[in-house]
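In the two complexes below, chain A is the common chain; its partner is chain B in one and chain C in the other.
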Partner chain A sequence: MEKLSQEQIDKALKILKMPADSKLVTHLNACVHCGLCADSCMYYKSMKEDKFIPARKVELVASLYRRYCTLTGKIAPKLVNARDLDEKMAEEMVDILFGACTLCGRCVKHCSIGVDIAYVVRIGRQMLAAMGLVPATLQATVDAALTTGNNMAIPTEEFVDTIKWMEEELIDEMQDENARIPLDEKDKNILYTLNPREPKFFPLSISAMAKVFYAAKESWTLSSTMYDVTNYGLFNCNDEEAGIIARHLHDEVKILNAKMLVLGECGHGSRANRWEGPNYLGMKYDFDMITVAELINDYIRSGRIKLDKTIIKERVTMHDPCHLVRNGGLLNELRFAVKSAVNDFVEMNPHGNDNFCCGGGGGQLAMSEYNDRRIKIGEIKAEQIRKTGATIVVTPCHNCVDQLMQLNHHYKLNVKIKSIGEIIADALVIEK
Partner chain B sequence: MNWYHWIALGALAICALVLFAHFIRLIRLGNPTDYSKKSGSVAKGVAYSSTVAMIDHKESAYLHIPTYFAGMVYHVGTFVSLFLFVFFLINIALEFTLPLWLKWILIAGLSISTLCGFVLFVKRLLVKNMRNLSNLDDYLSNLIVTFFQGMTIGYLLCPCVEAYYYIFVSILLLYMTLGKLKHVVYFFAARYHLGFFYGWRNTWPPKKVK
Partner chain C sequence: MAQIEFDGDGFLVNPGIWNVDIAVEIAKEDGIQNLTEQHWSVIHVIRNNYLEKGMAPMIRVICKETNLKLREIYELFPLGPARGACRIAGLPKPDGCV
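Let's look at the complex of A and B:
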């Protein structure tokens, strides 16, 4: 690593020295190094290396806080392990805070004190971002979203072609010329959003949701340019960049005069828009914003769509995306949708708020340099799936889908991975 | 009052002032501003976080029952010792005599908590993961507090160690302002923030899976 300039160090330390509220100071002073968080972390459970213990991750940031922001750390650094911010430290921070944490927050719930470890890791990532030390692979994903409007840099023509193709398929399947996938239409009830992995790799999940919208007779549209629900600014932790990306969807709702923003199946994207977006922009949104799972539940409850539970005969389990369930409070909303579509549903153990991350969160899927670790920690999820005996795994997150597909291949699980939209579309009864 | 009583009073005042300053700083910094649309109840989240969440499906508790139990007993012993210290100071004026049965209950309880503190210290020293996680302050804090409980037992058993007791407590109170023992303030703040975060998002109090 190149020598850090004083300017880089000052920028990073400013984050610690000028806290916006009491949360940061609290969590940096609260850890007592009991080490009981170790067993809650997938990295530690899989690899049994001390450096992966969540408390060690907190310690990286807290030791800097003590060195530069506390009297004891300034006069007796050895007493409290107050460390200097130098190249060695920065390198360690990149490896551990970016390369060994999915920001799933499982350790937070289980911490004996209540330290928000994922939050402290994000602060550490913020410091690295301020120094320009975000891994290039992750930063490239953010840059793509900043410059093209979607994290996979899909050209608009390619996206529109894909949508038109899906629309033709929908017309064929529904045998109805009025079946549509509207693009850039104004004054609709819903502006629907996608994970760019859908048009790029899984276009059938778009047509699945289009089928659901068709059945519900929904007034909806996609944007041809600003449809990306993801926000990797949540992971590189550059809040300025995250704010620019969050503004894409906010402004598109205004431009198209949609009544509601519906967040496509993406865990972190839902969090980045629903919970963090207004904070990135420093304002309350004046339109409603819900996840697609909640929308589907409304359709089911109000009778706008009808499902036949006998169509899907296989055993189904569900993977809870961390940012929708543990960090998003949608525990039963996700289950209601899936259980309405299938007969044989079985839970993983543990599940819900205690569920293990798929291993692809926190930007891990974008950081190819940590692929081996990502697949290794995914073994926990693979074993969870295997033990259910299910042949279909449903998850409302396309990043999770991607990781689960890789785990399926690597650990030979022989399961199908589906989004909620897909499983609902499979069970849908179309009434003409 | 003897000179060591004054020293202990001074140390107590410094400790209380410093910890109060930490508390005031937290209050002045305030809550995070959240512009997102609240989904749950912060009050219920904080209430759950500060009570049931301490044991409810918590891996740090149920996967580590001996350590967690020892930690709880150790902390109870610490608070009892602190309470007794304040009582002893006040009792200089009151001259109240503790009933013998109460004295022995306290001695028995504090003996267990002191033992727990010592076991936790040995665990920190011997288990590699713990050793690698620990700094000098972790060991010192653990030792000082364990000895504090031991000294309380000693003073209950034999009032002749009074001077040593007060001097030692003074050291503890002054040290409390420097290192991890400050978590006496930050622990409660951490539980609050956690309850705020999960309560806002309707994760806590947890719902039954339907």
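Let's look at the complex of A and C:
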């Protein structure tokens, strides 16, 4: 690593010294290094190296805090194990805070005093982002969203062609010339959003949701330009960039005058838009925003769609995306949707709030630099899936879907991975 | 393949050095022992799109130009169009959740 300039160091330290943020100081001082968090972490469980223990991750940031923000640390740093922010430290922080944490937050639930370890890791990442030290592959994904409006830099024309193609398929399948996938239509009830990997490579999940909207007779639209539900600004931890990306969807709701923003199946995107968005933009949103699983549940409860549980014969399990369940509280909502569509449902152990991450969260899927670790920690998830005996794994997050696809191949699980929209569409009874 | 450089995800660091032999070797790593005519038709569409536009094609373009159905492409490349087909076609890893 090149020598850090004073300007870089100053920018990073400014984040540590944020005067308004007493949360950081509290959590940095609260960790007593008891080590209970160790076995909660997939990295430590898989590789048994001390540097992966969550408390060690907190300590990286805490040691800098002591060095630059406390009197003893400033005068006699060695006495309090305070460390300088130099190249060696920065390299270690990149390797551990970016390269060995999925921000899944499982350690937070296992901490005896509730230290928000994932939050502290995010502060460390913020410092690295301020110094321009975000891993190149992760930053490229953020840059694509900033410059093109979607994280895969899909040109609008190609996106529109794909949607038209899916619409033709829908018309064929429904045998109804009026079946639609509306684009850029104003004054609709719902603006629906996608993960760009759907139009780019996996459009069947788009047609599945179009089929659900068709059955529910929903008034909805997609935007031809601002449809990306992801926000990798949550992972590179550059809040300014995250804010610019969050504004894309906020403004598109206004432009199209939609009543409600429905978040496509994306764990971190749901968090970044629904729970972090107002913080990024420093304002309250004046429209409703829900995840597509909650919307589907409304359809089921109100009888707007009908499902036949006997269509899907296979055993089904579900993977809880960390940001939707542990960090988002949608545990029961996700189960209601899946259990409404299938008969033979089995849980993983553990699941729900204690579930293990797929291993691809926190931007790991985008960061080629740490691919080996990602596949290694994913073995925990693979074995969880294998033990259920299920042949279908449902998960409402396209990032999880991609990681599970790789685990499926690597660990020879021989399962199918589906989104909630896809499993609902499979069980759907279309009444004419 | 010791002299060829791959990134952490196994994608070619220098897509310019790609050739048929490299494709065959990468495919074997993915458990595809024989690249059929259908495999090659997908690989060539992806490769040509990359050389022309600097990025992987949309799956729609792959289907249209090869006359294969979506599900057929997923079956041909179990790791999917990105980590499967694009890697074999010697592209850099696409950004995003793939």
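Note that in this section the second predicted complex is superposed on the first by the 431 of 432 C-alpha atoms of A that agree within 3 Å, B and C clash if a C-alpha of one lies under 4 Å from a C-alpha of the other, contacts with A are read in each partner's own complex, and residues count from 1 in each chain.
The definition used in the following text is that a residue touches a chain if its C-beta (ideal position, glycine included) is under 8 Å from a C-beta of that chain, and two chains touch if they have at least 3 such contacts.
Owing to the predicted nature of the structure, the values given are computational and were not obtained by experimental measurement.
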Specify the partner with more touching residues on chain A, choosing between chain B and chain C.
B
Quick one: is A:His409 in contact with chain B, with chain C, with both, or with neither? Answer first, second, both or neither.
second
State whether A:Leu183 touches chain B only (first), chain C only (second), both chains, or neither.
neither
In the overlay, answer first, second, both or neither for which of chain B and chain C A:Val80 touches.
first
Under the definition above, what is the set of chain C residues touching chain A in their complex?
7-11, 30-31, 55-56, 58-61, 70, 78-83, 93-98
So, in the complex, the side of chain A touching chain B is made of residues 19-23, 25-27, 29-40, 50, 53, 55-56, 59, 71-72, 78-81, 108-116, 274-279, 281-285, 289, 325-329, 331-332, 335-336, 347, 351-354
Quick check on the complex: what are the chain A residues that touch chain C?
137, 140-141, 144, 151-154, 158, 161-162, 165, 195-197, 199-204, 230, 266, 365-372, 398-399, 402, 405-406, 409
Touching chain A in the complex, chain B uses residues 22, 25-27, 29-37, 39-40, 49, 53, 57-61, 63-64, 67-68, 71, 127-130, 132-138, 140, 178-180, 182-183, 185-187, 189-194, 197-198, 201-203, 206-207, 209-210
